[in-house]
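In the two complexes below, chain A is the common chain; its partner is chain B in one and chain C in the other.
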Partner chain A sequence: MGKLLEIKDLSVEFRTDKGIAHAVNDVSLSLEPGENLGIVGESGSGKSTLAHAVMRLLSPSAVITDGQILFDGTDLTALPEDELRALCGRELSMIFQDPMQCLDPSFSVGYQLTECLLAHRICGKAEAKERSAAMLERVGIHEAKEVMRRYPFQLSGGMRQRVMIAMALLTGPKLLIADEPTTALDVTIQDQILQLLKDYAKQEDLSVLFITHSFGVVADICDKVAVLYGGRVAEAGTVRQLFYRPCHPYTAGLLNAVPTMEHDKNVPLQPIEGTPVNVFRLSEGCPFCDRCGKAAEICRKECPELKEVEEGHFAACHFAE
Partner chain B sequence: MSGQKRAINQNSPLRRAVRRYRKNKAAMVCLCLFLLILLACIAAPLVTSQDPEMMHLDMVKAPPSREHLMGTDIVGRDLFARMLYGGRLTFGICFTAIGLSLFGLVFGVLAGYYGGRVDQFISRANDALASIPTFLLAVFIEMCLPSGQGNYKYAIALALMPPLVRLSRTLVMEILDSEYIEAARALGVKSLRIAGGHVLRNISGPLIVQVASNLSDAILTCTIMGYLGLGVRMPRVEWGTIVKEGLQSILSAPLQIVMPCLVVFICVLSINVIGNGLRDALAKEER
Partner chain C sequence: MSKILQAEDLTKDFSVRDQRGRRRMFRAVDAVNFSIERGNCFGLVGESGSGKTTTGRTVLRLIEPTAGRITFDGVDITKADMAAYRRRMQIIFQNPAGSLDPKYQVGDIVAEGLRANRMCGSRAEYRQRAEELLRQVGLFPEDALRYPGEFSGGQQQRIGIARALAVEPEFIVCDEPVSALDVSFQAQIINLLKRLQQEKGLSYLFISHDMSVVRHMSDRVGIMYRGRLLECGEAEEVIGHPAHPYTRALIDAIPIADPDRSAARTRRPPVYGAEEAVTGCCYASRCPYVTERCRQAQPEAKKIAPDHVCSCHLFE
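Right, the complex of A and B next:
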């Protein structure tokens, strides 16, 4: 089976007044059709930059210095703008972090939903309305026809995120990039939205690239997971492999920091000491070495390559086994 | 169902803005006042039967009466009629200037949209334009073009452009940065459609307010031009020239200068209050 999305050796830099920020360095990832991949990392680890690079929504100061992004075999980084836009929304779609900001306050929900269908000339106006209403019902909004006449300010956060999801799925894309879609929502709504995405992906054979900082979310809906640190892949593998056998100290540290139901409240949670790596000044060594308990001489001198510790499970650590 | 439909459609941003504006009493009063003056000027021949150029030499500097609502001037011309017909020209000049100044929007939007060198060039040219005093520009234009025909409207138009360019540039930059534009781009909506739909609709509010305040500036400048003798030549009149003529009889018939000034004052004041009302009505939605 061919790969749906393949990111090869991607590097992205931000050229700012303060210097060059190496946001993404040599990241390689792949996604099979129908598979859900979670990308986990703390703030500034480059996960959002990665997502934006795929859709080519990076700010003008960002430059893709190296690598390819292959979608169904076409290199998105080399595609002319208009062809890329024709692909976006139709074949690959994106939902964003903050549903409050993502809907245009000046237009009704119905207008914004049908806009995508009309922009791609998928169908006529009447049919676009029908389809939008059907999609709204599908993402769990009742009285869809009425909601379509409303304006974003009349909807709750959860509703808006549902509308965003409906918008993204309306054209029947093969790949959905979800950039922290639940971060801005409260916990009960988070769960509903995740369940919705999970069910939809299963039914429609949709692949989801799920960007999040929560392992709980990953465990819930993803098949595979990649952990980013300092713009590099620290560890990648199936959810099961990473959860039961984390090989990178950073992954292990992240998992230790997640509270569980059985957690003894007298034992404090274990944070990862130190602060995230400064992407303006990356050293030659492993980006995690300053915070790593296992760090040795070699870690400061040489950046570890990703190596396969078991089938389909990769880790970038000199001591991984 | 149809009743329900209407109830929801009433929540469009425009409808809500209109509703908020109507709640603002001062703004409503001023809107009526301004429209009254504007319509009276446009329909001048219907409002007064007096000829603005007819000199009633037998009743020079007459006080207001039923026949001459604002009295007559130093050569016996009916001031009320002169104000109405003069207003036609003043409004004509001002609205033309406003219309011409809207070309500034094109430059502002281009600068905001493309940024970089285009922005640098347009912004610096705009700064240069803003640094030229309006009246100097007007004198220059009156010198170059046939004078006495209100050609200073081009000077007014040029003077009104810089704030519009600046405002539209910032607004476009702000909107392009917003996440809903990013979302629209992610969904494959084309640039032109984004510019014509989302950007235009979201920048229109503040621009309308700016244009309203530009109108009051235009009327004031226009009147001052006339007063300084840069205005249109006789026998055509506009408010500025009427004020100037009134100056000649400031001691013997003070109403001849007070009345025109009062009308200009009311006009400018009401436009400013209308502008304030619009600003409040079109203000961004609080979440």
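Right, the complex of A and C next:
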């Protein structure tokens, strides 16, 4: 099977007044058709920058210094603007954390939905309306015709997120980039949205690049997962490999730090001590070495390469095995 | 054990404007009853808009209640002059950056409550006390001279905690103290809050939308939905044997960080209902077990176990 998305040695830096922030460093990832890949990391780990780089939505201060992003064999980083516009929103779509900021408050939901079909000249106005209504029904909005007449502020947070998902899926993309789409939602609504995305992806053979900070969400909808730390891939593999045999101390630490519904209340949680690495001042060594219990002399001197610990399971740690 | 705080029929109405600009009343908290034992932690869980933050602020009278009674340490404080109680009741906010004045040095932020209450004799004593507080929450004494913007989110939340602790309170409202923090910081702050509670015998009202965090922190919990306390009782009892359909839905929806168990769980199809005001139960429009009676009459709180109260017609 050919790869749908292949990110090769990607590095992105932000040139700011405070210096250069190395947001993404040497990241390589790939996604097969129909596969869901989760990207997990804390704030500042580079996960959103990575997603924005794929859609070429980076702010002007960001520069892709190295690497390629291949979508279906085409390098998105080198594509002229007009060809990229024809691709984005049609073959690959994106949904964001806050739907209120992404929907235009002064146009009705129906107008904004049909707009993406019309802009890509996929069909005429009448058909666009019908298709939009059908898609709204599909993402769980009943009375679709009524909702299309409304404006974003008249909808609840869960409804807005459904509208945004409908908008992203209308053009029948092959890849959906979901940047923390459920973080701002209540758990019961989050659960519904995740099921919706999961079922749709399965039925339509859609690949999802799912950016999140929650391991619970990853366990629910992803096949593969990559953990980012300090702009680097710390560990990558199938969901089962990472959850049941984490090889990087950071992954293991994150999995242990989250309180679960079974955790003994009298046993303190095991936090990862210290604070996240400053991407303005990356040292030569492993980005995690200041917070790592296993850190040795070599960790401070040499940044570990990603190595394969078992088939399809990679970890960037000197002691991974 | 004595009760440190008791809320009886606590109600708060806000005046809001509807889409046509007409004034109407919105009941954010609706006849809520709960009590907190001294040295215990009471967890309040609910989705956004359920009224949990309003409840937390109302018991401190940062928001004045519309009706009901608040008793603190055996004294009715519903109408009392709060100046006498501010030192004993404190709050930790959700957004650490927004709750710290960026132009104040951290030491001054922490010592502000001490100064307001004239708790130290000299400038040197104030500084010494602030440094000691910073050390207690896992920061360094030197940090007193820095500004909030120089700290990470987790460290800023530690500063917020040090400020609340400064005046030696007995009761602290923790309003989503870890929700804005990264996973690796959440555990640090939860452990810190728990340690401080044990060392100082503090009582908490712990507000969160995250059931697993509340379960870890709390002795007793209450579940809120649209301003009403639907279920309340001993934490293990309520979470282990949830009675109200909403509590069950809430627990079922928690993502499980385990691929096999996540795949194995069964899901009920969601019930979509119009979000309109009803005379009956506030959960009627989303409840899979709804009957005609639920739409007509509001259910009374009913005791279903020694320390477990549930407001649902199913249990009458």
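Here, the second predicted complex is superposed on the first by the 321 of 321 C-alpha atoms of A that agree within 3 Å, B and C clash if a C-alpha of one lies under 4 Å from a C-alpha of the other, contacts with A are read in each partner's own complex, and residues count from 1 in each chain.
To be clear about the criterion, a contact is a pair of C-beta atoms (placed from the backbone, for glycine too) under 8 Å apart; a residue touches a chain by one contact, two chains touch by 3 or more.
Not measured: the values here are computed from a predicted model.
Because the two structures share chain A, they can be overlaid on it, and in that overlay chain B and chain C fit beside each other without clashing. Of the two partner chains placed around the shared chain by superposition, neither chain B nor chain C is touched by A:Ile122. When the shared chain is aligned, chain C comes close enough to touch A:Gln270, but chain B does not.
After overlaying the two complexes on the shared chain, residue contacts for A:Leu70 are found with neither chain B nor chain C. For the superposed model, the angle subtended at the Cα centre of chain A by chain B and chain C works out to 80 degrees in steps of 10. In the superposition on chain A, A:Val239 contacts chain C only, with no contact to chain B. Of the two partner chains placed by superposition, A:Leu58 touches none, neither chain B nor chain C. With chain A used as the common frame, the shortest Cα distance separating chain B from chain C works out to 8 Å.
Comparing the two interfaces of chain A, the one with chain B and the one with chain C have residues 154 in common.
Residues of chain A that touch chain C in their complex: 42-43, 140, 142, 154, 156-157, 186-188, 190-192, 194-195, 213-220, 239-240, 243-244, 253-255, 257-261, 263, 265, 268-273, 275-276. Those residues of chain A whose C-beta lies close enough to touch chain B in the complex are 55, 57, 60, 82, 85-90, 93-94, 96, 98, 100-108, 115-116, 119-120, 146, 149-151, 153-154, 164, 167-168, 171. Interface residues of chain C, counted against chain A in their complex, comprise 19, 47-48, 152-155, 182-188, 190-191, 194-195, 209, 211-213, 215-216, 239, 249-260, 262, 267, 270, 272, 275.
Taken together, the chain B residues at the contact with chain A in this complex read 4-5, 8-9, 11-13, 115, 178-180, 182-191, 193, 197-198, 201-202, 284-285, 287.
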